[in-house]
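Per-chain residue numbering starts at 1, and chain names A, B, C, D and E are given in the order in which the chains are listed.
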Amino acid sequence: AAGADDGVVPVAVGYQSKTINTVTAGTLMKELGLLEKYLDTAAEETGETYDLTWHDFASGPPLTAEMIAGKVHIGSMGDFPLSVNGAKTAEFDDVKTSWVSVTGYNLTGSLNQIVVPNSSDATTLADLEGEVISTSLGSTAHGNLVSALDAAGLSPEDVELLGQDPPVGVTALESDQVDALAQFVPFPQRVVFSGGGRLLHDGNTGVPTFHGVVASDAYTEEHPEVLQAFLAAQREAMEFLHQHPLEAAMMVAEATGLPPEVVYLYNGPNGAVTFDMTVKEELVGAVETGLPFLQELGALEQLDLDDFVNEEPLRELYGAAYDETKASLTNPSAITGHDEVCGIDVADPATASEAWPAGEETTQVAATPTCLLRLVAQGGEYRALYVPDASSGTRIFGEHATWVSDPSAGENATLLPFGTVADADAYATEHAGSQVIDYQTALDSV
Amino acid sequence: MTTTKERPTADLLPAPEATEAPTTASPRRSPRRAARRLLPAVPILAALAAWQLLTQYDVVAWLRFDKMPGPAEVGTSIRLQLEAPVFYQHVLSSLRRILTGFAIAGVTGVLTGIAIGRSKTTAALVRPLIEVARPVPAIALVPIAILLFPTGEQGIVFITAFAAFFPITVATIHAMKTLPPVWTDAARTLGANRWQVLVHVVFPGAMPSIFSGLSVSMGVAWICVISAEMISGQFGVGYWTWMSYSLLDYAGVVTGMLTIGLLGFTTSWAIERIGRRVNRWLPGEGW
Amino acid sequence: MTTTKERPTADLLPAPEATEAPTTASPRRSPRRAARRLLPAVPILAALAAWQLLTQYDVVAWLRFDKMPGPAEVGTSIRLQLEAPVFYQHVLSSLRRILTGFAIAGVTGVLTGIAIGRSKTTAALVRPLIEVARPVPAIALVPIAILLFPTGEQGIVFITAFAAFFPITVATIHAMKTLPPVWTDAARTLGANRWQVLVHVVFPGAMPSIFSGLSVSMGVAWICVISAEMISGQFGVGYWTWMSYSLLDYAGVVTGMLTIGLLGFTTSWAIERIGRRVNRWLPGEGW
Amino acid sequence: MNTTIATGARVELRDVRIDYDDGPAAEIDLVVEPGEVVILLGPSGCGKSTILRALAGLQPIAAGAARVDGDPHDHPDTKCAMVFQEDALLPWRTARRNVEFALAMRGVLRKRRRAIATGLLDQVGLTGFAEHLPRRLSGGMRQRVQLARTLAAEPRVLLMDEPFGALDAQTRLEMQQLLVSVWLRHRTTILFVTHDVDEALLLGDRVVVLTSRPARAARIVEVARPRRPGAQLEPEFAGQRQEILALLGHSPDLPQS
Amino acid sequence: MNTTIATGARVELRDVRIDYDDGPAAEIDLVVEPGEVVILLGPSGCGKSTILRALAGLQPIAAGAARVDGDPHDHPDTKCAMVFQEDALLPWRTARRNVEFALAMRGVLRKRRRAIATGLLDQVGLTGFAEHLPRRLSGGMRQRVQLARTLAAEPRVLLMDEPFGALDAQTRLEMQQLLVSVWLRHRTTILFVTHDVDEALLLGDRVVVLTSRPARAARIVEVARPRRPGAQLEPEFAGQRQEILALLGHSPDLPQS
């Protein structure tokens, strides 16, 4: 697969431009020209010429298919496709892959979410019993849906699952052909952002979810310098994203055509995605947890995780710092700064909020959602408001959230945003005197 | 090629043996004919054998057979599916869609083709629309169909009919062009009006072409039903196959393809059969 | 319908006016003909107007036009793309693929069709394979093509050729069946051998049918190139359209569809043109 | 359907000119009285078929007017039926069903058609071939089916383009007799193209001898009536025969063919 | 290509039987000497075309043997060329190119073809129509193109199925003369189907009168030679004429048609 005629080494990288938590191994890396840079460096050492090609895929399985066919050497995908990739490629010596790094993760699984049409009566997952749900079969979103259903006391047989590509699912949802859409990044929030639906379940199942990078063993053995260059490029892309989140989001949006507001929701500070390359125990555990599901689905028979995970290249890159980084579970990218409206520093990631004024290249921070609303109430146009869900902490769109007014809460916390109506209702039930309101009411009330 | 002498007697009817004279001047034909019965099996078997060998030895000679599933693997997969009732439901869904879509396309296609072929005004009015719509690949309509139609089922049937419509229309227009004018001339001097010429001359005279169009169209209809099922994720063989692919179950993919092939074969065969019946007045095939 | 009297003079050549006699007995034809020039614009404009109205008023009457982008939106999208050089690259990629695949399909399809139509042995040997392979939707071959072919480009061309092959073959077989036997009989008594009969009689005589097949086949080829591009993610108009869809940019999807439609229109038109040239001996169209 | 079934109509060709791409094919001025039998005789390719096609309404005329019973006749209808020079049978219909087609067009009830068609086929000597498809009939047989079919239409004007060209002498004679008997019964107006001068004189009231293309009437010969078998042997007849042959370009010392 | 171009071949039909689905169409035993002209005369649908087709190798024979120059002749080749009763021109080729087709099959060099083809078309009286497509020619003109094309093939056996059926007397005479002159030059063996007894007697060495289907030789009439214009007027000729007409079923008092 790694044929190198006349000193030309093909480097075929597969990525998923739409699946934006892989940007550090895909779109962003490509836009910043980082892999080219590191390959040039490598070329000076090895004297080889590298012929780099990028291959964009809509989802993981076709990427894996190309890797099986030996046409792609390094690729990034979500956790379930990644497991399938490991299992399927292991059947052939020449294309067997290893899991070499992670792009980003979410410890609670909230990268996958379930949305319903605005007109839907459903407030909880249980309401979906007997209804049609669109998802990508075998994807992380599918697994997440099954766990969530399980948590809600339903089995997959209680609903009708339709395996559809994400955009098809979105269209189907918009034209009322399905009752719910269980999808991965960035489709659920895209629907929410465009006003085509609302969040029913924010994906919090307690099972971590992530996107990772796999590389062909045969290829990396022959060209270890390519993998090193790739990982170095990925790290630089990640650091760029951490330091210039808004710029990175704009760049990705520009390259992919996705709305920048949605990209920034996920990839911004305190976003749903934590960008960290290390292969954390929790993530390996998540893969292990998912295996029975995939086996039952018939997607794979077995996966030798010990063999599949290969942290050596990362260790080489990070050196001594690797284990420390691996152990850390905090998001290196946080919202910081001073809240002018409430007059306090922004510290608590659980409440830190952000507003993106129209026409600006920077965001304005707020210590709490309530402070954010105060800021907005002062006037001005905003592209988007980012607030953490009061129950799960998942970053959501403020203007599409369900709000609860709880006069009994602290001064800067009287207005609480929730991603789902159910969570808001639950809070209101628990806290006497509080009231579920919509965004406009909340805004008017500050 | 030894069929030279057969043209005048061979016709499309199913029993060409009946034309054999009792005291035949060329007795060598009979064993040949027996051999010919078996011939159809030869290529299929050869293809199977080639497949087996190519996959077994993981041949990579420009084409790469190393990752392809072999016949044995696929056999297991087929056996498994034949025992699963849900598989039959998939098959039934697809069949229902194809028959509906095909029927719609058949009727509208023939009518449109005749209208265009017979009237310059209609041709001027309708042809541009058709020519613009025709090359739009049905698969590109999936998003639009999902948006337009109340149910996914209708969307798929629409896409199928849309795609199947054009080959039939084109074949019918073609028939209109090649119809010997003396047939219509004769009918008209016998007092047939436009409508009667259509029903009694144009329509039967166009049948050979129309059936050629139907035959192609059935192929296209299958392509579209399957594609649409794959993409829009509605129950059916296409969906089943695509799901196998999503799970990277290549043996399943091949099973799906074979199933589709078999279904397609059956429908094509039916059309061919009916076509032969309808067009048995044709001079014949081969010489 | 006022075309009744035109058949004998109207032929396929582009300048039918030349056949008009100086002192015509039916002077009413000339203004009609001018009107007919404009007719093709009518349906296109009507379709545009309907589209505008349906989307503007978000009509939902069985079909749902509420989510559809309107002409204005699409117009903007088109303008944007026409300024983007990358769009032209997509178009070129698709064109290159279609032409290669179509050329391969054309040559092999006609040859196969003739072989099947002319020789019962070949028919017995090859037809079953073809009949089984034909209904397998080319799109289902994407997974297999990825495994089989060294590059994605070859895979797409293969899929295109595969799909385009069958309509051409079927049309050619059909032509073989309907060819008046007296043509071949005459050629053979003049001393033509099988090969010469093929080249000088069968081939030109089959041309009208073959062109009808080519025409359909071009449509199918487009379906497949586009589908394959969509699925396998290779640069091209199909890929572009699918990416628009992935972004839920429906105006982009429609732009893509229109582009594909235009490309398809151009290629079909070219085939039609050549076909008219080649088959100008046909009695004509309409009456 | 005609109201006065099968009574000959008056046919007028007033200074008619018919053109093809490469020039005029016929220029003719001719009036055929109801019930008259007019024969068109002329060299091959002169424009005889063209004239008949124009009369049938199948060919546009470039100048002049063609009228049947006073009405302009520029599109085909039941008034004029034509026996074509080419094979004009519908190949997917058997001989009988080809004839029945004409009956159906005339509005004959379905149940009566079969008997009439079979009867007509018997009359043209095709007993036993009613169920044959055209491709299983010989050239002469196909011509006769066409004749039967055209007679079945019971038109007011019969346009016959070399209808007996492929028939042997005996069958041809029978067909001629059949035609005469039909004519005697219905007094149909008949325009008849033939190359056989004897046939022309036997059947025609007038023989229009045409020039080579464009067809113009070189001479119109009135034929003595009543026509009957054996009339050809009479001296006047022989004179007309010689006259026509001479007009057609025969030098008198050449054999009659 | 023939080694001995255009010298007649010996044609043998030995107890040949030709069948269609519905029974035998011809049963014939006949030997035609090289350079002989044999006429087949018989009622419509008796099996004349069938016999010619069998000889051309286009129709399988059910029993017996057909030989040309001693070799079994069961597939078409350059030895026997045929003028078909139907319109057998290739519709996409102009008249000239139809004739050139035969020349090409015979291996005539490309540059010489055009002149020969034009010459042949001139001979059949189609000067000026060389570039017409068949659909723009009249029925008789198409027949003549076919004749020119078949002559261009310079076969050793000419099979002619009513080649002059659609021609007027004058043109027919010219074609007959053309045929005779070709025969005088090449001594081609000719089998000729016609319905015209005069034509039969003018052209034939022997006239085979066939029964109705299945065609059997009812009588073979030897024709006095040398054939020449005007011979028909001689008494012996008249006798043969009557004889044949009688065989064909004419009662003697009926007119000759």
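By definition in this document, a residue touches a chain if its C-beta (ideal position, glycine included) is under 8 Å from a C-beta of that chain, and two chains touch if they have at least 3 such contacts.
Since the model is a prediction, treat every value here as computed from it, not as a measurement.
Participant: Going by average Cα coordinates, which chain is farthest removed from chain D?
Facilitator: The chain farthest from chain D, judged by C-alpha centres, is A.
Participant: If you tally C-beta pairs in contact for every chain pair, which pair wins? Let me know.
Facilitator: Comparing chain pairs, contacts are most numerous for B-C.
Participant: Over half shared or under half: which fits the residue numbers at the contact of copies chain D and chain E, same or different?
Facilitator: Interface between chain D and chain E is built from largely the same residues.
Participant: If we define chain centres by averaging CA atoms, which chain lands farthest from chain E? Would you check?
Facilitator: A
Participant: If you average the Cα atoms of chain A and of chain C to get two centres, how far apart are those centres in Å?
Facilitator: 43
Participant: Once you find the CA centre of chain D and the CA centre of chain E, what distance in Å lies between them?
Facilitator: 27
Participant: How far is the middle of chain C from the middle of chain E, if each middle is the mean of its Cα atoms, in Å?
Facilitator: Here the centre of chain E sits 47 Å away from the centre of chain C.
Participant: Counting only residues that touch at least two other chains, what does the list for chain A look like?
Facilitator: 65, 68-69, 167, 171, 174-175
Participant: Give the residues of chain E touching no fewer than two other chains, as numbers and ranges.
Facilitator: Residues 20-21, 53, 58, 75, 86-87 of chain E touch two or more partner chains.
Participant: On chain C, where are the residues touching two or more other chains?
Facilitator: Expected reply: 6, 64, 67, 143, 147, 245, 283.
Participant: Using the touch rule from the top, collect the residues of chain C that touch chain B in their complex.
Facilitator: Residues 1, 3, 6-7, 36, 39-44, 47, 62-65, 67-68, 117-121, 123-129, 131-141, 143-144, 147-150, 163, 166-167, 170-171, 173-174, 176-181, 184, 194, 208-209, 211-213, 215-216, 218-220, 222-227, 230, 238, 241, 245, 250, 253-254, 256-257, 260-265, 267-269, 282-287.
Participant: What part of chain A is in contact with chain B in the complex they form?
Facilitator: On the chain A side, the touching residues are 59, 61, 64-65, 68-70, 84, 88, 92, 94-95, 134, 136-138, 162-165, 167-169, 171-172, 174-177, 297-299.
Participant: Given the complex with chain C, which residues does chain E contribute to the contact?
Facilitator: Residue list for chain E touching chain C: 53, 56-58, 75-78, 80-82, 84, 86-92, 101-102, 104-106, 133, 135, 146, 149-150, 153, 155, 159.
Participant: Touching residues of chain A toward chain C in the complex: what are they?
Facilitator: Within the complex, chain A contacts chain C at residues 18, 55-58, 62, 65-66, 68-69, 71, 166-167, 170-171, 174-175, 190, 194, 256-258.
Participant: List the residues on chain B that touch chain D in their complex, please.
Facilitator: 182-183, 185-192, 196, 200-201, 204-205, 207, 279, 281, 283
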